Amino acid sequence: MYDVQAIRQKFPTLQQQVNGKPLIYFDNAATTHTPMEVLDAVRDYKERFNANPHRGAHYLGIQATELYEQAREKVAAFINAPSPQEVIFTKNATEALNLVAYSYGFSQIQAGDDIVLCISEHHSNLVPWQRVAKLKGATLRYLYLTEDYTLDWEEVREVITTKTALFAIAQMSNVLGTIYPIRELVAYAHQQGAVVVVDGAQSVPHLKTDVQELEADFFVFSGHKVFAPMGIGVLYGRRELLESMPPFLMGGEMVEYVQEQETTFNDIPYKFEAGTPNVEGAVGLASAIDFLAGTSWEAIQEHEEKLTRYALERLQEVPHLKIYGPQAGRTGRGPVIAFTIDGCHPHDVATIVDQDGIALRAGHHCAQPLMNYLKAPATSRISFSLYNTKDEIDVLINSLQGVRGWLGYES
Amino acid sequence: MYDVQAIRQKFPTLQQQVNGKPLIYFDNAATTHTPMEVLDAVRDYKERFNANPHRGAHYLGIQATELYEQAREKVAAFINAPSPQEVIFTKNATEALNLVAYSYGFSQIQAGDDIVLCISEHHSNLVPWQRVAKLKGATLRYLYLTEDYTLDWEEVREVITTKTALFAIAQMSNVLGTIYPIRELVAYAHQQGAVVVVDGAQSVPHLKTDVQELEADFFVFSGHKVFAPMGIGVLYGRRELLESMPPFLMGGEMVEYVQEQETTFNDIPYKFEAGTPNVEGAVGLASAIDFLAGTSWEAIQEHEEKLTRYALERLQEVPHLKIYGPQAGRTGRGPVIAFTIDGCHPHDVATIVDQDGIALRAGHHCAQPLMNYLKAPATSRISFSLYNTKDEIDVLINSLQGVRGWLGYES
Amino acid sequence: MNLSSLYTELILEHSRNCENKRHLECATCSKRGHNPSCGDDITIELLMEDGKIVDAAFTGSGCAISQASTSMMIDLVKGRSAEEAEELSQIFLGMIKREIKTEEELELLEEAIAFQNISNMPARVKCAVLAWHTLTEAIQEANLHS
Amino acid sequence: MNLSSLYTELILEHSRNCENKRHLECATCSKRGHNPSCGDDITIELLMEDGKIVDAAFTGSGCAISQASTSMMIDLVKGRSAEEAEELSQIFLGMIKREIKTEEELELLEEAIAFQNISNMPARVKCAVLAWHTLTEAIQEANLHS
């Protein structure tokens, strides 16, 4: 049995009142809360071991180094990377994507190449590629969406061709909830000779991740969306690619020999980790992975799927409400629901439900090209995590039913 | 009265035993420990307010945004920046220096320009400039050191000329402890038309920082060296420069309008802060600044100067020991002491004193060009913070006196 | 600040005002304003003659607060000189920052005084001020070009 | 692991061995090895003839552990075939990782068995293995070129 109350007990933030009401946190696609055990692991590390890793010949330095490298091993196992050397710690998914764009993109993309993106990409997996395309003379091409908010294979075959040098796509859209068929897309793109960047920022909290099964060339995610602290993110890259790429950030730790005019670089993963790393962030991420291991992915998915189904159903009771995203259940859909209510701006919707203690997101969700494509300047977004409940959805529906009234509509 | 014991009580890490002995932490130039109040502030933030800032129309999001922006204001006041918009949060000093190199360097440095560095620069303020020089066809020139490990003004006037487009220097060397006369150097470099990057990673924990008094164009430091968590750093830049610079990392938050092929960018500081920021890191840094405000800079300096003087004196009692760095007191010297013991590799020295619970650093301290220049492949380094004591120095001297014996020398 | 003092009848009425929300064919200057974080996106169009705002209107999308604030502002500045409009803008922004407190000044804002307490809702401040910042920029650009 | 079992007489003696620490004029291959984090920096030089290591020496600087380990390794592999040397290297690295435990294998390492417990000092493992990694690379390069 999935004991959601027991899970909720682990999250101090969820025990709060907001505007006099129990907090209902439905903004998990933006960031998740942190369980007590992760907060404790970070605190314990700070009180007992805090030191700068990799440079220490003293006790604390050695401990910090070991904990940092153990965290790397844990992340490698978590995403099934072939080796920890292929796991690079960054500050967030955005830095990881920029690393790939600056290091791989600027050195490998040629004039005349195509870079293909999905129209639903988050700005972090879009603006860096615009820049690469512009500076290298490549063409940025987009995959658009079907009526059911997923990809059309015919279009995929038209757009991804032997001219495609790089294909970047999120495994799960942070607006629509669509889960794209990454494995099949990667296989097809590889046939065409393209390198594939998978943005797992939204999928990692909800699906078992296996970068080898996906055959991703690069895969990124952010710790803070998966119960870890802010300030830690991950880039996985295939060894051959990482080894052949020039460094990105330069400074301490990533060098081998530094002379006045010339420098040679350290091996992966250190080549890409300049400066003092966020050891406590890595320790927190490792602890968050342990936390997740306490529940099976099947149970988490079943719970989140149940919530999503229930919410999709009940949202139909709210008059004038339109949903942007696939209707389906678990396959092809994650626990993120974007919607609008006729005549009500999403920002006003968020303010109104906030009075009932409910945290929704409003706006373009860092996906302006998608919003333009959908002709929706902004939407509201509900996003669930493993700690949300059906009761919370009932409160939301109730609150949403009052929105049009507050904004002066008769019904 | 400076009550060092009361200060020590605030640091849980300092209460520990290492190898059965009380920890003596003399590796503060690598990273400092974190006082309880900073750990508590971060924990409190996580338990009560954790959210993704800038995107929230809900209670937690609003609180997170306010705390994040208040931290920016606090940092601005701490370094006396004219406005919070000129304060950009990064993950560490290294990222801040790379931001300047990629954004300002690549767009402004021209073929034929000179970039001038001091030979004692940390790799993080050196390797990025090597890269800029190489890719832009500029010349990298160095300022070398006098016998007393400081700069020679005649040489400064020879090397910094109207050809100098950029001059980058650490306010305080992380190896020698030398504090360079930044204000005078900036004034001179400005006369020649150069832009000046000041690396404050080592000076900020020990000196009152005033970027306006220094007239620095850019100034960077790392939170983790000044009692804050890891994963947070700061770039200050003069408004006109920041406004005219292209963005560096690209993604969420740093954009204005994103279209499929074109993007316009947000204003400073957001233009340079792509992706989810490390809010808890910023909250921790703000709290560390409050912690520091509990003691005057004069008192901290007096204490650290006393320690440094005492250590320099007592180290002379250790046979075959050579110090690299100025002998002077406070002016021109911070609490960092590099040394070698004849016939004993610094790494062995560190291992031996570690058995007595003492944390020293050994190696090139991310300053290989300096080590080559000094013809010392490696040194040991002692670095003090406001919580160290004379008694700890006595234990160190005792331990150092045994080093040659352990390594098989008669005396 | 509770919802009923935020979504007042006056504000809701203005938020759906169609008279001010239209394209101004004969505009002499126009300026786009945007809140990247929440998506309010408006374009203000002015018909200026001899330094006077003869007509004004706006297009775009945004929340009730931004739309109402824009509409009230247009009512307020239409027929005024550019300097007067700029001054009113400063008063409005001063009111939001709680820097301006005298009743006389506030009364100059007419209906727009409705936003006096918006700073109690920090997330909505940006929505309320967008139009006024945009107006100031529009007028400054117009001055530059004339 | 305490200091006296780390800095044994045998290790200290080797750490100051001058016979193995010299420049090999007639070397047929050489390889530099470096621990960026602690600064050990050695260059191993080999004189290979018909797949046999006829002479070997090293230059560079590093801590007592890295110097002693290098010196012992040179004593061990001099006069052996490249394959034997590579095998010994694997045994040494296996010993450090605690993967190889049979007495017979360990005895093949002769004096270098002194580093058997270095993994109790994680910060010093890199120092002990540097030479052996470098040797393996040197031999592999030599094989490539012949």
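Each chain gets a letter, A, B, C and D, in the order it is written, and its residues are counted from 1.
Convention: a residue touches a chain if its C-beta (ideal position, glycine included) is under 8 Å from a C-beta of that chain, and two chains touch if they have at least 3 such contacts.
A quick note: this is a predicted structure, and the numbers were derived from the prediction, not measured.
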{"item": "Third chains touching both subunit B and subunit A", "value": "C, D"}
{"item": "Farthest chain relative to subunit B (centres taken as mean CA coordinates)", "value": "C"}
{"item": "Inter-centroid spacing, subunit C versus subunit A (mean Cα positions, whole Å)", "value": "37"}
{"item": "Distance between the centres, which are taken as Cα means, of subunit C and subunit B, whole angstrom", "value": "46"}
{"item": "Interface hub residues of subunit B, defined as touching at least two other chains", "value": "55-58, 61, 253, 255, 257, 347, 351, 362-363"}
{"item": "Residues of subunit C whose C-beta touches two or more other chains", "value": "37-38, 123"}
{"item": "Residue numbers on subunit A that touch subunit B, as the complex places them", "value": "12-13, 16, 18-19, 23, 25, 27, 30-31, 33-34, 39, 43, 46-52, 55-61, 91-95, 97-98, 101-102, 119, 122-128, 130-131, 140, 142, 222, 224, 229-233, 249-255, 257-263, 274-281, 347, 350-351, 353-354, 357-363, 365-366, 368-369, 372"}
{"item": "Complex contact set, residues of subunit A against subunit D", "value": "54-58, 61-62, 65-66, 253, 255-257, 266, 270"}
{"item": "Residue ranges of subunit B touching subunit D (in the complex, touch as defined)", "value": "345-348, 351-352, 355, 362-364, 371, 377-378, 406-408"}
{"item": "Complex contact set, residues of subunit C against subunit A", "value": "2-3, 6-7, 9, 12-13, 15-16, 37-41, 61-65, 67, 121, 123-124, 127"}
{"item": "Subunit B contact footprint on subunit C (complex, rising order)", "value": "34, 36-38, 122-123"}
